[in-house]
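Structures for review follow.
Same chain, two partners: chain A is paired with chain B first, then with chain C.
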Partner chain A sequence: MTTADIYAIMPLIILTAGCVLCLLAGSLRPGFYLYPAALAVVGAALLWCVCVPAESVMPGMTVNRFSRASSAFFYATGLVALLMAYGYNRRRGIEGEEYPATLLFALLGMGVTCSASNLLMLFLGLEAFTFAFYILVTIERDSILGGESGLKYLLNGTLSAAVMGMGMALLYAGSGTLKLAELTTVAGIPEPLLQAGIGMILIGLAFKLSLVPAHLWTPDVYQGAPAPVTALLSTASKGAAVVALLLLFPLLQTWQGGHDLLWLLALLSMLTGNLAALLQPGIKRMLAWSSIGQMGYVALAFVAFPAGGDRAALLYVVAYAAAGLAAFGAVSILSDTSERDDIDSYRGLGYRNPLAGAVLALAMFSLAGIPPTAGFMAKFAVFAAALRAGEITLALAGIASALVAVFFYLRIVVVLYMKKPAELSEVRALTVAEILALGIPGATLVLLGVYPQPLLDLLKAILA
Partner chain B sequence: MIVPFEHILVLAGLLFFLGMGGLLAWRANLIMMLVCIEVMLNAVMLVFVAGSARWGNPDGQLFAIFIMALTSAEVSLALAMVVYLHRKKRTVNTDMFSEMKG
Partner chain C sequence: MSNLLSLTTFLPVLGVLLLLFIPKDSKGMLRNVAFATTVVTFLVSLPIMFGFQSNAEFQFVENVPWIAAGPFVMRYFVGIDGISLWLVMLTTFIMPIAVLSTYTAVEEKVKEYMILLLLLETGMLGAFISLDMFLFYIFWEVMLIPMYFMIGIWGGKNRIYAAVKFFIYTMVGSLLMLVALIYLYFKGLEAGFTNFGLLQFFNLQLPMSAQVWLFLAFALAFAIKVPMFPLHTWLPDAHTEAPTAGSVILAAILLKMGTYGYVRFAIPLFPEAAHTYAPLIATLAVIGIIYAALVAMVQEDVKKLVAYSSVAHLGFVMLGVFAFNVEGITGGLLQMINHGISTGALFLIVGFIYERRHTRLITDFGGLSKQMPVFATIFMIVTFSSIGLPGTNGFVGEFLVLIGAFESELRWWTIIATSGVILSAVYMLWMFQRVMFGELDNPKNQKLKDLNAREIGIMVPLIVMIFVMGIYPKPFIDKMDPAVKKLVSQVRPASMNVKKMPEAVPASPAGHTGIETPAGHPAAPAAGPHAAPAVNPHDAK
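== the complex of A and B ==
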């Protein structure tokens, strides 16, 4: 291993060391000082990713512009989630060093996923961050919902890991190589092995993206997990799964059935997610079902892959991540000692807590795809790619379901601003960490909606 | 190889779907669900080792070893959760864990 290699994987080394040191320091002297320390570690990894243009090709891992940009995105998401968790965990009594350490480990897994160049590293990366989420979901020990949702996530997650592992095993058995680049070119993989392998990998990834019919865990986990964990789970982990799908896509394209399967997943997710979200009384379950619908649009972008769907998918992920962080951030800041879940309990909060209310409303506008927010640009890019690729049926289904979705997103805005508040309790002043946790995603939402060109140029450059 | 490659694939397929069927059918007991997942992962390892022997390179065996590490971590976490939930509800029956619906 040369110095250049070490420079290239330095963010991963920083995260690993930070994670281990965080655990050690916590066992000696537990306390909330570990959160700023973890923030510093994530910040260092992020800075290195952005500022040091070290690239290298190693066995199993390739650090290039694509992996650097996507890991920078994950680290930034993790940074915001940590800022959110700092105050929230204090109020809710989630103590201990496990939280920051596990979060660092999750980011490490995502960093490995997006620089993987063979199936083994990809599988390990994906499982590493899923693993961290099993722990993070259950981290609130006093909550019975947390334990239940963690168990549901774990059982579903291991099932999907087994299915995805089987897919990789079949591809390996058919081709004799684990390298992604060789797998697409190698000829003579027996047809049944290739088809079963690709299908199973796709189903495993569909679980991570919570596409229908592998979505059953999503509402329960989103509801039971603490809000800052849900924020990270619904944004960075989905983003990492999308990156994995992008890395695997040249392989998936070797079989036409992969396209058809994705078509079906996209259609079912868009319809089921958006229709079920209409019926939810709780905001976290509503956001969970809506995220299933949103991931349907990402799958739609992948169906339209030849017509620039890859760029649309990444743009959609960034816009969705900003909106998800803003929405769950507002939920976690508006919840005090108990989770504020019932949508009715948000009545009039837009006036009583102006910043959190405004950011929540902005996130809802973005998720609904109303200009001038990032969500509009992203939806526009996805539908334009779908129409260019000739997927008329799917694009029409997507547009129709997006129109239905506007209703339940705007319901939140109506409740926030047009109803009288039910209670008149003391309003807590926001801390600096909370203002940052709301401000960063909120500003991103507006900025991307008004001036998306720099991001589009960046996506064009990294996907070239 | 003495055992034909196809035979191993058939055996692994049987194990895999036995595990999956068990997981879907045996919903009543958490421990049995974990056992079924183990059976599925064992089938995956079998295919990797068979592929490794077929092509004469060690990648598949390496993957199998990593899967072993993964499963042991997974099971330790799952059992911790089972113990924790058992303390709360005095049961390992999954039907009892249904606070959330919809």
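== the complex of A and C ==
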């Protein structure tokens, strides 16, 4: 391994070292001082990613602009989630070094995923962060819902991992190589092996993206997990799965059935997610179903891959991540010490806690795709790509379902601002960490909605 | 200064930033800052009016790159012509009045209210000045959110229903428009266009079948906003529930977005389709005029009555615009301004009595003129203006609309629509009579105070405008005239020349207007060389 290689994977080294040190330090002297330390670790990894243009090709891993930009995105998301968890876990009594250490480990897994250049490394990365989430979802040990959701996530997750692993094995059996670049060029993979392999990998990824019909775990897990964990689960982990799909996409394109499968996944997810979200009384379950719908739009972008769908998909993921972080961040702050899940219990909270309320409303507008928020730009990119690719039916279904979605997103805004508050409790001043955790995604939503050009340029550069 | 338009548009946002730092309990301060912001915006917009040259070109143009996403290139491209000039001025003129009217009407959540008002102003101004279709769409949607909050938070009993209805109606229309926009852009790409700039799309040759669909999508979006019968049902709800300033802005400016959309986008972009559907739209407009007038007549609630009168008035605007001749369109545009002033004033008047009595039922009033003479005078003048009495602004617009429409293919529609003029006199005067005259028998009305200085101050500019535009409308017409003629030339040839000359499409009006130029258009030969490059230089940028 050369120095250049070490430079290139330095963020991963930082994260690994941070994770181990965090565990060790925690066993000596537990406490919340580990959160700022973990923040510093993530910050360092993020800075390195952004500032040091070290790139290299290693066995199994390729660090290039694409992987650097995606890991920067994951680390930034992790940073916000950690900021959010700092106050939340303290209020909820989620003590111990496990939380920050596991979160660092999850980020490590995502970092590996986006720089993977063979199937094995990709699988390792994907399962590494999913594994971390098995722990994080159940981190609140006394919570009954947490335990239930953890078990559901674990069972579904291992099943999908097994299916995906089997798919990769089939591809390897057919082609004799694990390298992503070679897989697309190897001729003579027996047709059934190729199709089964691609199909099974898609199913595995559909689980991680919670696309219908692999979505059943989503509402329970979103509801049961602590809000900051859900925030990370619904944004960075989805983002990592999208990146994995992007890496595998050249392979998928070798078989027309891959397109058809995605088409179906997109349609089902958009319709099911948005329709089911209409009926949810709880905010977390509503957001869970809505995220299923949102991932349907990402799948739609992949269907429209030849017409610039890759860029649209990444733009959508970034916009969705900002909105997801903002929404769950606001929920975790508005919940305070109680478990505030019933949408009706958010009555009038927009005035009690102006910043959290405004950010939540902004996130809702963005998820609904209303300008001038990032969500609109992203939806525009996706639908335009779909129309350009000639996927008229799917685009129309998407637009119709987006219109349906306006109803339930608006419902939150209505409750926040237009209903009289039920009770008047003490207003707590927000901490700096909380203001940052709300402010960063909130500002991103507006900035991307008004001037998305820098991000578009970046996406163009990394996808070239 | 070349970026005067942007300055005007985004000044209110600066005001918002200022408001954010004022504690929410110092209500006086908040109100004054918001008021000052709108006044400054108005003052800044004055040079636009005085510096505006009376020609058909777009002026105060700014055109800088904004977004480039693959095949999609959006630019920050703004500018005004004689059509949008007056709508921009109307907006900056009405806003200080609207803010001032809320000094006592809104006591709760003043900070949020003022912030929303200012954001709304930016959205409206932005929509009027946008010459990039995507930019227009963004501003068009931006207006939606503040208005939604204003109705939903400060509205009356049914406010949430009204707010959501308003939002969903508008959203359906705009999504359709967005799809049409994307489709249109792809058509433009095939023709070699490289961005969303509006002006080049006027030259785009579209097959009739495509035009029809695109026109219908745009027309539906705008028809919801106008609102045209039978899509008007959100309007009375929204108006009844909205607070006074919300109603004023809604009636005076937001509704103009719909008619402006027809004039700026739907008609010149798809002239053949517009011609094909003119009878349909005129029919709906006439139904709207008569139906809304009849419904207004039986309203118990003054505010609802005024809301329905809006529907009727905008029916006249639509009739004028779809006459496709200079008189009709000029009348329509004037009527848009007139309606902004007189209906804005009417909603303010309703607000005054509502603040005093907390009721808007006609039966609760009677004989107010004895108790409130100043109020009675002002109310009378505004009522006359709304009816369109000669000498007031309403007359000029309505008269031009009727003349224009009568001379066009819409003669029979005009004849029916004329009865709407009489009906409007009936419902307005009858309402005025029941509220202001008769016995002052309700004890609660006997202690009513007349208008105070602030309230008179609000009304005076409006009254002045009513008379200025009624007695000497020439400056207004002169400034919009070249733009209107250009619009007519864009629409006319389509119907007149069955066989089209490919190189002589709207870009060179000299070719077309030649048929009708000599008599009515002394300025045309001079305008010709101006007008031809008017379209092209922007494309080149």
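Heads up, the rule we're going with is that the second predicted complex is superposed on the first by the 464 of 464 C-alpha atoms of A that agree within 3 Å, B and C clash if a C-alpha of one lies under 4 Å from a C-alpha of the other, contacts with A are read in each partner's own complex, and residues count from 1 in each chain.
Quick note on the criterion: a contact is a pair of C-beta atoms (placed from the backbone, for glycine too) under 8 Å apart; a residue touches a chain by one contact, two chains touch by 3 or more.
Here the structure is a predicted model, which is why all the values come from computation and not from measurement.
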>> With both complexes superposed on chain A, which partner does A:I135 reach: first (chain B), second (chain C), both or neither?
In response: first
>> By the touch definition at the top of the document, which applies to A:Y451: first (chain B), second (chain C), both, or neither?
In response: second
> First (chain B), second (chain C), both or neither: which does A:E339 touch?
Replying inline: neither
>> Quick check for you: in the superposed arrangement, does A:E97 touch first (chain B), second (chain C), both or neither?
In response: neither
>> Output check: A:F365 vs chain B and chain C. Expected answer is one of first, second, both, neither. What do you get?
In response: second
> Among the partners chain B and chain C, which is in contact with a greater number of residues of chain A?
Replying inline: B
> Between chain B (first) and chain C (second), which, if any, makes contact with A:L120: first, second, both or neither?
Replying inline: first
>> For A:E434 in the superposed arrangement: first (chain B), second (chain C), both or neither?
In response: neither
> What residues of chain B sit close enough to touch chain A in their complex?
Replying inline: 5, 9, 12, 16, 19-20, 23, 30, 33, 37, 40-41, 43-45, 47-48, 50-51, 54-55, 57, 59-60, 62-63, 66-67, 70, 73-74, 77-78, 81-82, 84-85, 88, 97-100, 102
> Can you list the chain C residues touching chain A in their complex?
Replying inline: 65-72, 109, 137-138, 141-142, 144-145, 149, 152-153, 159-160, 163-164, 167-168, 171-172, 175, 178-179, 182-183, 186
> Okay, in this complex, where on chain A does chain C touch?
Replying inline: 308, 311, 351, 365, 370-372, 376-377, 380-381, 383-385, 387-388, 399, 402-403, 406-407, 410, 414, 417-419, 451-453, 456
> Which residues, counting only chain A, touch chain B once they are in their complex?
Replying inline: 119-120, 123-124, 127, 131, 134-135, 138, 141, 144-145, 147-152, 154-155, 158-159, 161-163, 165-166, 168-170, 172-174, 176-178, 219-220, 223-224, 279-280, 285
